[in-house]
């Protein structure tokens, strides 16, 4: 049976973000349910399900975009977790951030590393 | 003999951007020579020479950061060329841009695709 | 008797933001009093008093601009309150945010919805 | 017969942007056809077809977001045209831009007015 | 006789930008005359006339802000000219741009240097 | 004995930021030590040690750039402290922020003033 865009998105979101992504969507149900639905259908059902890039590559792009944009600390937190989930090592996550220095300068990179510190600590907890 | 940061940067810049990078540096000689020197020494000698990410991965990050920042059409042009040089296919470059849609919206992605169209055309010329 | 720009601005600010706007201005008195004065005189006395757009339309523009810019959570809070004050419903505020998705992506919209959740809760309290 | 998301999007896009929108989509066919498809399906089929805001209100939000983001002159051009198409007068378009001054400063507003000058001139031509 | 805000702004604008500033204001007369008036009254009559910073210091701040914001090449052109007019040397203008590298990265700085090259050439012409 | 870039950077960082800068670098040691090293070597050893601008002028540029970029409250805090350390008065710091209003609007300026309030209070404590 073929899955529709929403069902595909739910699967992909779980694959990338585990329960953290699901929490974001659920938290929107009382105030902006369609926002959650579009994130599932469009971001994860359409875009993340495309070929040509694998999941670690997609998270690499997402992290670079969120770091550069700035003011996206909550989303960085979710996607640093996602990056770990799809097998990017902490060292490589930091290196992705380092590669952004020449393009966007030190402050945004410092902010992203600050979020990573928090996520890495929690992840280590969870693994124990 | 060990290369210094500038020499390492020149080598890496040539590896990534071919003559296009060299042109950017040369064009700065009359007005801001140290800006060119820092791009070579710091961006290419320090950052691009680091381990943990290979060159295609580094260009993936650079393209995502430049697209997201906006107003960097000239730099996108150089790095789309660089991405082709280090073996990223045109399809994959477009896919990197597509992955940015959920994070930064359609306009920045449309702008980047517009630059890619121009670079891909020139590259095809050059290959013939 | 004709009001000067400052007096007009004070009236308009009260009309839009109630006491929240006044609090912002007062909080500036010890550190940057002229910043508060310019917000009153220029933003509210000059711009908000112009014709061609009514107050709900002006708040619609302000919310879209603040959401898009990012990192303006405090100002979004004041203006979501202002939007409610001039008669924009919570549903319509969320819809203004939804309309921004194609132009600036999901993260900035998620941030704005997060601020709205907080403001809507307080407003409901106040109405009881 | 119920229209699917793509068909709905095509209708809405034509309603807002006339042939200009169609041109944007067609121009993507050789290089990033799915980008065009997502603009039609998601931006116009999903978002623009929602209730709670009418088309002039949606264009008001789009113009404010594009102006604030900066570096979106091509998209501003399409949407200033779209705003005229859905019945926003040139004076009101300028006023939307003026309302952004306190939030994002003069430079972005000057850039948007520069694009409007060009679009208004062409539109007058077309109307004759 | 005391000058009003508009008259003070006209004087200050002429002092900083010479005829270039006047041209910007005049060019707005047919499409957004009040935008020009606010630039004169508020930006130049209010802000630029304040004490605590002299004109070269004000231009130093303006250049740094315009470079960082990005997509403000037209405004950078006017203010690089203004900086030269109030006695900042070309070398010092370039140095202001260099100081921005750690905070916003190389691309925005390269863009600003590109504008400076054009302005410096014209200025040299004019001086001959 | 000639100092190398790192040693020069450490000296300059101490001169500008006192122990606050050192704390930033130390806090990076466990997660991204090379990020700290590059800030010392490149930002402070290379850029801040250049001639053509003195330290108060460099801090003036840094504050303007950080304010304009937005989302850099932590870095603004360090550099408002740095500005005080190199002899810029609180009044002048506020005036630098005021000069940014025409270029980037009120919200970013309000955010920067909010950070300044916090730093000024701590500094006064420290001076007693």
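We call the chains A, B, C, D, E and F, going by the order they appear; numbering starts again at 1 in every chain.
Basically, contacts are C-beta pairs under 8 Å (C-beta built on N, C-alpha and C of every residue); 3 or more make two chains touch, one makes a residue touch a chain.
Computed from a predicted structure; not experimentally measured.
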- Note on the structure: Chains adjacent to subunit D and to subunit E under the stated definition are A, B, C, F
- Among the other chains, which touch subunit C and subunit F together? A, B, D, E
- Item | Taking each chain's C-alpha mean as its centre, the one farthest from subunit E | A
- Taking each chain's centre as the mean of its CA atoms, the one lying farthest from the centre of subunit F is chain D
- Where the centres are mean C-alpha positions, what is the separation of subunit D from subunit F, in Å? 40
- Task: Return the distance between the CA-based centres of subunit A and subunit B, expressed in whole Å.
- Result: 24
- Item | Multi-partner residues of subunit D (at least 2 other chains) | 34, 38-39, 42-43, 50, 66, 69-72, 75, 98, 101-104, 106-107
- Query: So that we know how the chains sit together, what is the shape of their touch graph: line, ring, star, complete or other?
  - Reply: complete
- Task: Can you check the complex and tell me which residues of subunit F touch subunit E?
- Result: 39, 42-43, 47, 50, 52-53, 57-58, 60-62, 64-69, 72, 75, 91-92, 95-96, 98-104
- Can you list the residues on subunit C that touch subunit A in the complex? 70-71, 94, 97-98, 101, 106-111, 113-114, 116-117, 120
- Task: Note which residues of subunit F are touching subunit A in the complex, please.
- Result: 24, 28, 31-32, 34-35, 38-39, 43, 66, 69-72, 74-75
- Note on the structure: In the complex, the residues of subunit D that touch subunit F are 101-107
- Query: Across the complex, what residues on subunit A touch subunit D?
  - Reply: 34, 38, 42, 46, 50
